[in-house]
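Shared between the two complexes below is subunit A, which pairs with subunit B and subunit C, respectively.
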Partner chain A sequence: MIKLVASLVLRASVVLTGTALATFALLWNAPGDPALAIALARYNAVVPVEVIDQVRAEAGLDGGFWSAFSGWITPLILGDLGQSSVTGRDVWPELVTAMSYTFPLALAGLLVGIAISVPLALLATQRPGGWLDRCAVALASIGAAIPAYWLGLLLILLFAVQLGWLPAMGARTPAHMLLPALTLGLGVAASLTRILRSGILEARGQHFLPAFRRRGVAASDISRHHVAPHVAVPVVTVFGLELAFLLEGAVMVEVIFSRPGLGSFLVSAIEARDFPKVQAVVILSAVLFVTINLLIDLLYRALDPRIGERDA
Partner chain B sequence: MRSVIVLVTVFVLLALVGPWLAPHDPTQINIPNRLSPPNAEWLLGTDALGRDILSRLLHGARWSLGLAFLISVIGLAIGTVIGLVAAQGGKIADWIVMRTTDTFLAFPDLVAAVVIAGVLGAGTGSLIFALTITGWMRYARVARGIGLSLLNRGYVVQARLAGLSPVAIARWHYLPSLLPSLTVVWTGMFARAILSISALGFLGFGVQPPMPEWGTMLLDARIHMRSTPLQMIWPGLAVVTCVLAINLTGDALRDSLAEADQR
Partner chain C sequence: MTITVSGLSASHSGRTILQETDVTIRPRERIGLVGASGSGKSTLGHALIDKLRAQGERSVAHVPQSPDEALDPLRSMAFHWREAERASGLAPDQARRQELFAALRIEGGDLRKRPWGWSRGMQQRFVIAMALIGTPDLLVMDEPTSALDPVVAASTMSLLENYLSDRQTALLLITHDLGLAACRMDRLMVMQTGRIVEDAPTQKVLSAPKTDAARSLCLHRSWLELPC
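Moving on to the complex of A and B:
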């Protein structure tokens, strides 16, 4: 077990180092002189060459790629994300503020998705191939094809513009959360319904279930002890994928609804060419992702001991 | 199924001949006629600059579908080669390739694509680069997985002992077995590419105005949502119908492959 965890952690740290390197290389090779960009953003006027050179030295950009990279990654490992190249303020507190908007939205979206997909999948699998089942499959297919930004705009059009029931822009009150969470949640519901449905059908089709039934085991006991554990593995897989979807969905949804959060943080940082902020968001999402995948890998082995036997 | 094939064919034809069907020039600005409701002359109305929405949709099909096709095919080629190198190249090559794949999978595609396209400067070139570099990993995983399972099959071993080069083995023995699964992955990635292109367009990092692309059209339409809500419906509807048709084709393809496997 310890060996397994160690090898998974090692793999995760290799991936994270790769991500950091790839991100830094991309920004290093971005068109335009970064020192000039910082100087322009800071002084907002035509700047003499000496000032640009001074900025270059201050930002550690004069020693070539590797010295700049180590100048960035060493504090990063200790948890210091550096300062915004535009405002000069620490990135970390601003990132925390952005997360405090994005994470509740992602959680609300996930809850909406679960609240829709679980009952829908259970109803649909009551009679596979029945009209309810076919409706659920059709809805899920359409849901998977609707991009979040269009769905969001349609919801704004219906609930905010035509009916005037809900606020659309900003994040002042809890009611401002409803439309964004619904937009995000409907997308989650579409893919979750598909997976839950096929997972339940597959688990129900197992050969040993009729034997239990004939032996007189209660139907509720069969579904709790013999069907549910088999549905768990695909559901956990999809959960990992959903978290990815939630993060990128939240980015789009925040832009549509003009909500503060990681999405607006990232887009405005890119537009201002504030690279320390861009790097912070990329590293944050990579750390989140790798950690979640690590946990899922471990969870798999707890849920289905056969997985551990196949590949250790 | 037949209706889905018809739908996909219609879209492909539209992307190919759409520009000739368009009744107006998609970039012709006509301010006096701005935000016109649909009528006999302007079948779907005009946008904020008086440009014909129908013509922009038809021209946009070439951008949205054409670019998505290009991006998914480049990803397919790169991913397959990388996957086959991992399968045939021994343990070290496999480890390097798989950790690289994990690294590229370590962020949400769209976030990575936004960063890459945004940092390189908005434009069609950076769009293609951003979506290709975030879109090859699934092909590589599938190609590697199937490649590894074939590694010790009799006919592959024999080809190797007969002195066939790895490239020849890949071409004549791996590729035919890979193609069905890769085609299914490709349909999924094609649909995703359409969604990503319009998402980037909507964020302002994609195809640049005045070129008509469906996501960019949505971005324009969003501002005039209150006065002309219909303007916002058409580009979104185009994206959804395309993606739905391609996804359904992919599902049908996967089912028929699974059936063929069982026989």
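Moving on to the complex of A and C:
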């Protein structure tokens, strides 16, 4: 087990290092002078060349790519995300504030997704091929095909503009959470419904189940002990991926609904070429992806130990 | 008490695969249900089990062809055992388990492991032991040894026969292996296209088969040379 965790952690470290390097290289090589962009964002006016050079030096951009990269990555390894190159303030508290808006939205989206997908999949699998099943499959396909930004705009148009039931912009009250959570949750529900439906049908068709029925095992016990664990294996995989992609979806939904959070944090940081802030969001996403994947890997092996055996 | 079931039938996609059939099985009887592949042997076995279970008057147990068809790969052997005890309405009893394990020579198997942690032969003997937990009136075995090599298959059948020798349990062995049935069964039921076409003591069927189905099976005498 220790060997397994060590190998997974090693893999995660490689992914995180690669992500950090790739993001830094992309920002470094983006068109335009980063020092000029920072100076413009900082002073909000045209500035002399000396000031730009001073900004370049302060941001650690004057020593070349590797010098700038090592100047950023070294404190990061110790948990220091650095200071904003525009405001000079620590990135970490600002990031925490942004996360305090984004994470509840992602969680609400996940709950909406689960609340829709679980009953829908259970109803659909009552009679495979029946009209309810076909409706569920159609809904899931439509849900997966609609992009979040379009769905968000449609929901705003219907519930905020036409009906006037819900607020569209901002994050002042819990009601402000409803439309963004619904936008996010419908996308999650689409993919979860599909995987739950196919997982349940496949698990119910396991070739050993008739023997359990003939042995006299109660139908409820068969569902709980022999169907559910087999459904869990594929669902956990998709659920983990959904969890990771929820962050990405939440960022987009925040922009559509003008909510504060990681979305606005990231967009303003990119516009100002604020390296430390952009890097902080990318690293946060990468850490979340890698952590969730690591947990799924472990959970997967706990659910189906044959996977670990095969790897060994 | 004799088991009598009448009117067994089955159809699939509008096609009759088991014609109306009556079956009578006496206690301790050893019956071989033989016939070519697709003749309806397993369907008759399943219909018999389902009907007896639905009636709830007689206890019946089932051993499928392969342990893969009887064991959940995600559950431990201990879990399967506890569940089989519950399904038979019995409280956990270690002495009963030890007796069955000893009788079927299930030795050294770690109950905490999943089925794939055991050998195939041990898995199949475990499935047979589970079927015997409640000392059923009838044990239906559907090609129980076809997934095993002939030597392991023969020894498994011998262990089972020894265990059943002082019990009232009747045995219905579904097989296409006439050699196995001829060696160990008192009575043969020969099936063809969804009906029992011949039902007589084993020696009578082997020495004077009356139907084409029985004659066709008896032609393959080479099976009798294998361990059974």
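Just a few scattered comments:
By definition in this document, the second predicted complex is superposed on the first by the 309 of 312 C-alpha atoms of A that agree within 3 Å, B and C clash if a C-alpha of one lies under 4 Å from a C-alpha of the other, contacts with A are read in each partner's own complex, and residues count from 1 in each chain.
One rule holds in what follows: contacts are C-beta pairs under 8 Å (C-beta built on N, C-alpha and C of every residue); 3 or more make two chains touch, one makes a residue touch a chain.
Quick caveat: nothing in here was measured; it's all calculated off a predicted structure.
Once both complexes are superposed on subunit A, the partners subunit B and subunit C fit side by side without clashing. Touch criterion not met for A:174: it reaches neither subunit B nor subunit C.
After superposing the two complexes on chain A, the angle subtended at the C-alpha centre of subunit A by the centres of subunit B and subunit C comes to 90 degrees, rounded to the nearest 10. Legend: residue contacts after superposition of the two complexes on their common chain; A:14 is shown touching subunit B, with no touch to subunit C. A simple residue count on subunit A separates subunit B from subunit C, and the partner touching more is B. When both complexes are overlaid on chain A, the residue A:229 reaches subunit C alone and has no touch with subunit B. Within the superposed three-chain model, A:156 lies in touch with subunit B and out of touch with subunit C [touch as defined at top]. The superposed arrangement places subunit B and subunit C with a least CA-CA distance of 21 Å. On subunit A, the surface touched by subunit B in one complex and the surface touched by subunit C in the other have no residue in common.
Those residues of subunit A lying in contact with subunit C across their complex are 206-208, 210-212, 214-218, 221, 225-226, 229-230, 303-306, 309.
For subunit C in complex with subunit A, the residues that touch the partner chain are 46, 49-50, 53, 61-62, 64, 68-75, 79, 83-84, 86-88, 114, 116, 130-131. Listed in rising order, the residues of subunit A touching subunit B in the complex are 11, 14-16, 18-19, 22-23, 26-27, 30-31, 141-142, 144-150, 153-154, 156-157, 161, 244-245, 247-248, 251-252, 255, 266-267, 270-271, 273, 275, 278, 281-282, 285-286, 289-290.
Residue ranges on subunit B touching subunit A, taken from their complex, read 99-100, 102-104, 106-112, 114-116, 118-121, 191, 195, 198-199, 202-203, 205, 215, 218, 222, 225-226, 229, 232, 236, 239-240, 243-244, 247-248, 251.
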